[in-house]
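For reference, the structure discussed in these notes is given below.
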Amino acid sequence: MSSCFCSKSQETEKRGAVSEDQLVISDDSTHPANLICELCKVFYNNGWVTGTGGGISIREGSKIYIAPSGVQKERMVPDNMFVMDLESENYLRTPLTLKPSACTPLFLSAYKMRDAGACIHTHSQAAVMVTLLYDKVFEISSIEQIKAIPKVTEKGNLMYSDRLVIPIIENTEREEDLTDSLQQAIEEYPGTTAVLVRRHGIYVWGETVWKAKVYNEAIDYLLELALKMHQLGIPTVKQN
Amino acid sequence: MSSCFCSKSQETEKRGAVSEDQLVISDDSTHPANLICELCKVFYNNGWVTGTGGGISIREGSKIYIAPSGVQKERMVPDNMFVMDLESENYLRTPLTLKPSACTPLFLSAYKMRDAGACIHTHSQAAVMVTLLYDKVFEISSIEQIKAIPKVTEKGNLMYSDRLVIPIIENTEREEDLTDSLQQAIEEYPGTTAVLVRRHGIYVWGETVWKAKVYNEAIDYLLELALKMHQLGIPTVKQN
Amino acid sequence: MSSCFCSKSQETEKRGAVSEDQLVISDDSTHPANLICELCKVFYNNGWVTGTGGGISIREGSKIYIAPSGVQKERMVPDNMFVMDLESENYLRTPLTLKPSACTPLFLSAYKMRDAGACIHTHSQAAVMVTLLYDKVFEISSIEQIKAIPKVTEKGNLMYSDRLVIPIIENTEREEDLTDSLQQAIEEYPGTTAVLVRRHGIYVWGETVWKAKVYNEAIDYLLELALKMHQLGIPTVKQN
Amino acid sequence: MSSCFCSKSQETEKRGAVSEDQLVISDDSTHPANLICELCKVFYNNGWVTGTGGGISIREGSKIYIAPSGVQKERMVPDNMFVMDLESENYLRTPLTLKPSACTPLFLSAYKMRDAGACIHTHSQAAVMVTLLYDKVFEISSIEQIKAIPKVTEKGNLMYSDRLVIPIIENTEREEDLTDSLQQAIEEYPGTTAVLVRRHGIYVWGETVWKAKVYNEAIDYLLELALKMHQLGIPTVKQN
C-alpha cells in the first residue's frame, strides 16, 4: 500500500467475500458501519477529508471496520466498508470493487499498541500548517480546551496549565516507513493520543469512537488557535 | 467541580431521581430542555462548543435546566438535562449516568446576582484570542452592532458611539476560584452582560434565552471584528 | 426611528390591523413574505445578519414587505412581516407585538429614487472592514466577479476591466441623518446599486429580489477579496 | 459569448426545442441533469459559485449537459439544463427563457482535447488570490493532498514529493480569447487537469464527474494551503 489515497497498482485482498453483508448492514445507527458514514460527513463538512483524503476506523471487540480508499467521504455507505479480524489481520469482508485504505497498518498500530477503540486520520489544514512551524513536537499549554485531552498514562484528562505535547513524524513516499515512525512515536510518547505527520495531517485515537472524535475535535481547535497565536507572536507554551 | 469538562473524580449528586422525566420531556419546542438541545447544535456549528466544551442553562421560574458535562453538544437530548431548584440549589432531576456541568456555580451567579433567564458559556476562539490581546477589559466603540447589547443599568441598548466594556477574569485550575472572580466582575461592572475568561472563553447572560443568544451572537461578532481590526492596526475604541 | 435594531422607545404605528393576514400568509414559496423568511435564513448562515442585525424588504407592485425590527433573522415567520403602501407610506399590516424596522426610510429611498424591487441591508464584517480601509468610496477593478454587477445607468453589467465604485457614507447615531446621506449618495453615484455605511454595513438593491440577492452576494465576494488583496499589499484597482 | 455571467446581448440559439424534457427529467439521482443541480448546491455552499458565477458541465457519451448562464447555482433545477451534441455542437435542448453558459467553448475544449467526462469552473477566492501571487504557473510540492491529483500523461496519481504545476492564463474581456489561451495551456501542459485564469478563477476537468469533483476539491485545498504558506513565508515548492 502506498498512500491514504487510492493506490491503482494495489491488489485488493479477497480473503472475505462481499456477500458478508450482515457485517455492515444494520438498522442500528450506532453500528460501526453506520457511524463511520455519519462521521465521514461531519469530517467532510469540516474540511478535514477533502478530495477522498483521510480515513476512519472503528473497532468492535476483535473486529475492525475501515472506510475504503478512494471513496468520497461524504458519499460513503455501509456497503463500502472493509471488516478485518484484528488478531489474524485477515479481511472478514472485502467490497469487490474497492481498495482497502492505505491507512490500515497505521490504524492497526493504534489498536495493537494502545488498545484503541477507534482511530481518525484527517488532512486538516491546521494540522498541516502546524507541522510547518514546529520541529519535533507541537506544544501548547494554559488553554482551557486542553482539559478535553486525556493524560493516557494515568486516569483523567490534562489540567489547564499542563502542556499538551503531540509528536510530529516525517511524511514518506512509501506507507511502510510511515508505519514504523508512527509506532516509534507511540512508544516514545506514551502520553500522546495523537501523532502529527509533517505536510500530511494527523492521526488521533481513543478508547471509543466518541472519545476519538472529541479528542480530534479538541486537538484541531488547539491547532487552529496555535496558528492564530503564532500570527500575533504569542508563544503557544505560556511563559511564567 | 473542577472544570467545564467532565471531571472524572466528581461524585454525581443524586438528590433527584432520573425518573423525573416529566421535567424534561415535552412536545413543546420552546420547552427549556428542547431549546437547550436546539441551541447546542447551533453553537456547535459555530465552533463555540467543540469537543464537549462550553455549556448552557435556561431558567424557567424557580427551575433551572442545565446541559450536562462531557456530552457532545450537537448530540444532546432532553433526557440528558439536569434540573435544579434555584433557591435550594437541590437537583430536581439528575440523569443517572451523567455528571453535572462544572459551569453550574457560574450559571447560578448570573441567575442570583442578575436575575438572568439564561446563561451561555462558549470556548469561542475569538473570545480566547481577544483575552490574549487585552488586559483587564475588552473595549470597542462606534460599530453599529454594539446597538444589539443592553445597557443593563438602565432600559434600552447601547448607542452606536457608546463604549462596550467587557471585563476579563483570569482562568484558574480550580473552578471555585473562577466563581469568585466572576462574581467580583459582575459586581464591579454593573453594566456588563458578559464576562471573558482569559485563555478559556466567555460567559453571556440575558433576561430570556433569546436575549442571551442574541447578546452572545452580537458580542462574538464584535470580538471577531476586533481581531480583524487589530490585524490592520486599527484601534477598537474609536479616537476622535 | 433610531437604529436598525429594535428601538425600545419607539411607538409602533398601528395604521393597519394584524388581522390583515391574507397579505402575508401564502402557500406560494415565491410570495414576498415567504421569500423574506427564506433569504433571512441564508443571510444568517453567511454571518450577515447576526444578532438581529440587518434587514430586508421586497416590493410587489405598490406594496412593500418589510422584516420587523428585533426578531432573530433565522427564526422569522411570514406572520412577522410589516406591509406598507409605497405611495402613502401607510402600513397595510402591522404585527401587534413587533416594531417596524428602522431601515424602513432607507428601503423607501431605494424604492422611490431607483424603482428597486427589493433592498437588502447586512452587517457583513467584510463591509464593515472595507469602510475602515477606504475613504469616500470603495473601488475595485479587473476581477471577473465584477461582471455580476449592473451598470445601472445603462443596460447590461460591468465589464471585467471596469471599475466598480461603491460610495461610503458616515454612520450616524440618529437614523434620519443616515437617510439623508444615503439619498445624497444615490444621487451623486447614479451608477451604484449599493451604498456602504462606515462601521455599520451595506445597503444593496436591485430590480427584483433575485437580482438584489445576486448583487449583494457578488459585492460581498468582492469586499472579502479586497481585504485579502489589501493584506498582501495588492491594490484593488489594477494599475496598468 | 462574452462572459461566464449572463450576456444580455447574446442571442439564444434555438436549435433544440424546450419540449425535449426527456433529456433532463429523470428519477435517477445519478442522471447528469440531477448531478449538476446537486453539485451546484455543494459548490455554492463552498463559496465557489457566488452570485451566479462559475459553471459545470457533464458529458454522457456524445451528449453534454451544461448549466445555464445567469441562474443562481443553488437554485438550479434539471429543467434549466442545456444539452448539446458534442460532435456537431448543435443544441439538443435549449430552455426557452435561458441563455447558454459562456463557458461552453471552454468546456468543449476539455471534452475534445482531453476526452474529459466533466468540467467544473469556479470563481474560488483561493484560485483568484493565487493568480495574484504566481506568474506563469502555480506550483506546490511535498504535501500529501497532492496524491489526489492525476499524472494525466500516464496512469496513476502524483507522488507526495512530485511537483504539481497548474498553468495560469490571462483573463480577457472577450470570451473567445480565453478559449484560445485555455487550449494553448492544455497543449503546453499535457500533464495538467486544470487551468487557472488570472483574476477570475479555475477550470478543472476529469474522466468522470466524480473525478473532476475530487480533483477540483483537492486543488482548492492546495490553493488555500499555498496562501497560508505564503503568509508565513514558507515556499510552496519544498527546497531540499
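Think of it as A, B, C and D in the order they're written, each chain with its own count starting at 1.
Going forward, contacts are C-beta pairs under 8 Å (C-beta built on N, C-alpha and C of every residue); 3 or more make two chains touch, one makes a residue touch a chain.
Keep in mind that this is a model prediction, so the values were computed, not measured.
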Interface residue overlap between copies chain A and chain D, same or different (over half shared): different
Greatest separation from chain D - chain, by CA centre: B
CA centroid of chain B to CA centroid of chain D, Å: 45
Where chain B and chain C are represented by their mean Cα positions, the distance between them in whole Å: 32
Chain D, residues touching no fewer than two other chains: 231
Chain-level touch network, classified as line, ring, star, complete or other: ring
Touching pairs - complete list by chain label: A-B, A-D, B-C, C-D
Residue numbers on chain B that touch chain C, as the complex places them: 142-145, 147-148, 155-157, 159-161, 210, 213-215, 217-218, 220-221, 224-225, 228-229, 231-232, 234, 238
Touching residues on chain A, where the partner in the complex is chain D: 3-6, 8-9, 47, 50-53, 72, 123, 125, 128-129, 132-133, 171-173, 197, 199-201, 230-231
